[in-house]
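As written, the chains take the letters A, B, C, D, E and F, and residue 1 is the first residue of each chain.
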Amino acid sequence: MPYVKIEVTREGVTREQKQALIKGVTDLMTEVLNKDPQLTFVVIQEYDLDNWGHAGEQVSVLREKGITAERKK
Amino acid sequence: MPYVKIEVTREGVTREQKQALIKGVTDLMTEVLNKDPQLTFVVIQEYDLDNWGHAGEQVSVLREKGITAERKK
Amino acid sequence: MPYVKIEVTREGVTREQKQALIKGVTDLMTEVLNKDPQLTFVVIQEYDLDNWGHAGEQVSVLREKGITAERKK
Amino acid sequence: MPYVKIEVTREGVTREQKQALIKGVTDLMTEVLNKDPQLTFVVIQEYDLDNWGHAGEQVSVLREKGITAERKK
Amino acid sequence: MPYVKIEVTREGVTREQKQALIKGVTDLMTEVLNKDPQLTFVVIQEYDLDNWGHAGEQVSVLREKGITAERKK
Amino acid sequence: MPYVKIEVTREGVTREQKQALIKGVTDLMTEVLNKDPQLTFVVIQEYDLDNWGHAGEQVSVLREKGITAERKK
């Protein structure tokens, strides 16, 4: 009966992306641990950019400087 | 000095219900563990229905299908 | 589908007390919010006394000074 | 810069399964949200069976009754 | 690679105060544990006053009674 | 009445370091937000290296490769 919490910055995560995260994590729990999806909760918590800090800086400040958390190509 | 976090979907929980949860949990900590209420925190975190997943589906989708988390009569 | 986390210091909480907490919180979610117990998780996280701080002091130090978190009679 | 916490009962999850969960969740964050893996943390918290409750019962008791959280075949 | 979560009531915490908390905690992790700031996340979660309970009462009620969490002078 | 949780890998954090973290965070809450230390909890949660993932790898594996989370000199 897993409980999984995903914490991310609030930067336009769409309803479809949230559904994909929920589905993906639930499937993973079944594939890896054989857990019953009926007993798996996945929650997504979004934080305002002023409320998340990385390397001692607010993410809102990092974004103003053009620093993102996106995958490097 | 207990800390208790209650996580639920945001579906119209009233101020009175929140107070009842806080009072009920605090009393339980005193009854079962003899904890001083002055040292007990209870927090309630509400999630949008798009942000809670059960069985691989968003609760917002489950509700549209008429599936609730209410006690079966 | 509530998820409730109870955090306490590890000070001899018995199996029976844990069961009483789980039962008590689950019943409370049903009484106050009409939630289905089948969809309610309650978890208990215990912390070593060195790992919990109150008023800037480790609880292990507070206990050595005779300060407890018990209800005042 | 996502942070993901996976909470499960402590029932023999192997090192390889933990690695699969960490890899799977990290990949999912990249696929769905284009997040940089270098900025993704995944933590796994395991609970003793006495410390997890479902439907008002300790999981240790549920297991003694033969009730598991495994996927129904 | 520490992750630190600060939970407080939502009572007018300013952007500058949030930055000071993020900077202060990140520096502390470096001073005490020699952690790389690049691998330190600090998140701030604010709760509505109805959603935080102390001593069995909602903080919103405590505030109406003139009870604050401010340092005693 | 802040609650702060510090999550780190279990890599020999000493009792004195834990005390320094607890004291440092509590003082910070007072300095920045004027919070009463009597109403501030700080908890430290340590994770086994197999249970923390960064960039899709277990920290136990990263450490075997000589990769640390220490501050770069």
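Please note the rule applied: contacts are C-beta pairs under 8 Å (C-beta built on N, C-alpha and C of every residue); 3 or more make two chains touch, one makes a residue touch a chain.
Because the structure is a prediction, the values reported are computed rather than measured.
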item: Least step count from chain A to chain E, where 1 means the two chains touch; value: 1
item: Count of contact steps on the shortest path from chain D to chain E; value: 1
item: Higher-contact pair (C-beta pairs counted), A-D versus B-E; value: A-D
item: Candidate from A-D, A-B or D-E with the same interface as A-E, over half of contact pairs in common; value: A-B
item: Where chain B and chain C are represented by their mean Cα positions, the distance between them in whole Å; value: 15
item: Inter-chain centre distance, chain A versus chain C - centres from mean C-alpha coordinates, in Å; value: 28
item: Inter-centroid spacing, chain D versus chain C (mean Cα positions, whole Å); value: 21
item: Contacts with 2+ other chains: residues of chain C; value: 1, 3, 7, 21, 25, 37, 41, 43, 45, 52, 54
item: Pairwise touch network: line, ring, star, complete, or other; value: other
item: Chain-to-chain touches, reported pairwise for every pair that qualifies; value: A-B, A-C, A-D, A-E, B-C, B-E, B-F, C-D, C-F, D-E, D-F, E-F
item: Chain D-facing residues of chain A, complex; value: 1-9, 13, 17, 20-21, 24-25, 28-37, 39, 52, 54, 59, 69-72
item: Residues of chain F defined as touching chain C within the complex; value: 15, 18-19, 21-23, 25-27, 37-38, 40-46
item: List of chain B residues in touch with chain F within their complex; value: 1, 3, 41, 43
item: Complex interface listing, chain A residues touching chain E; value: 7, 45, 47, 50-58, 60-61
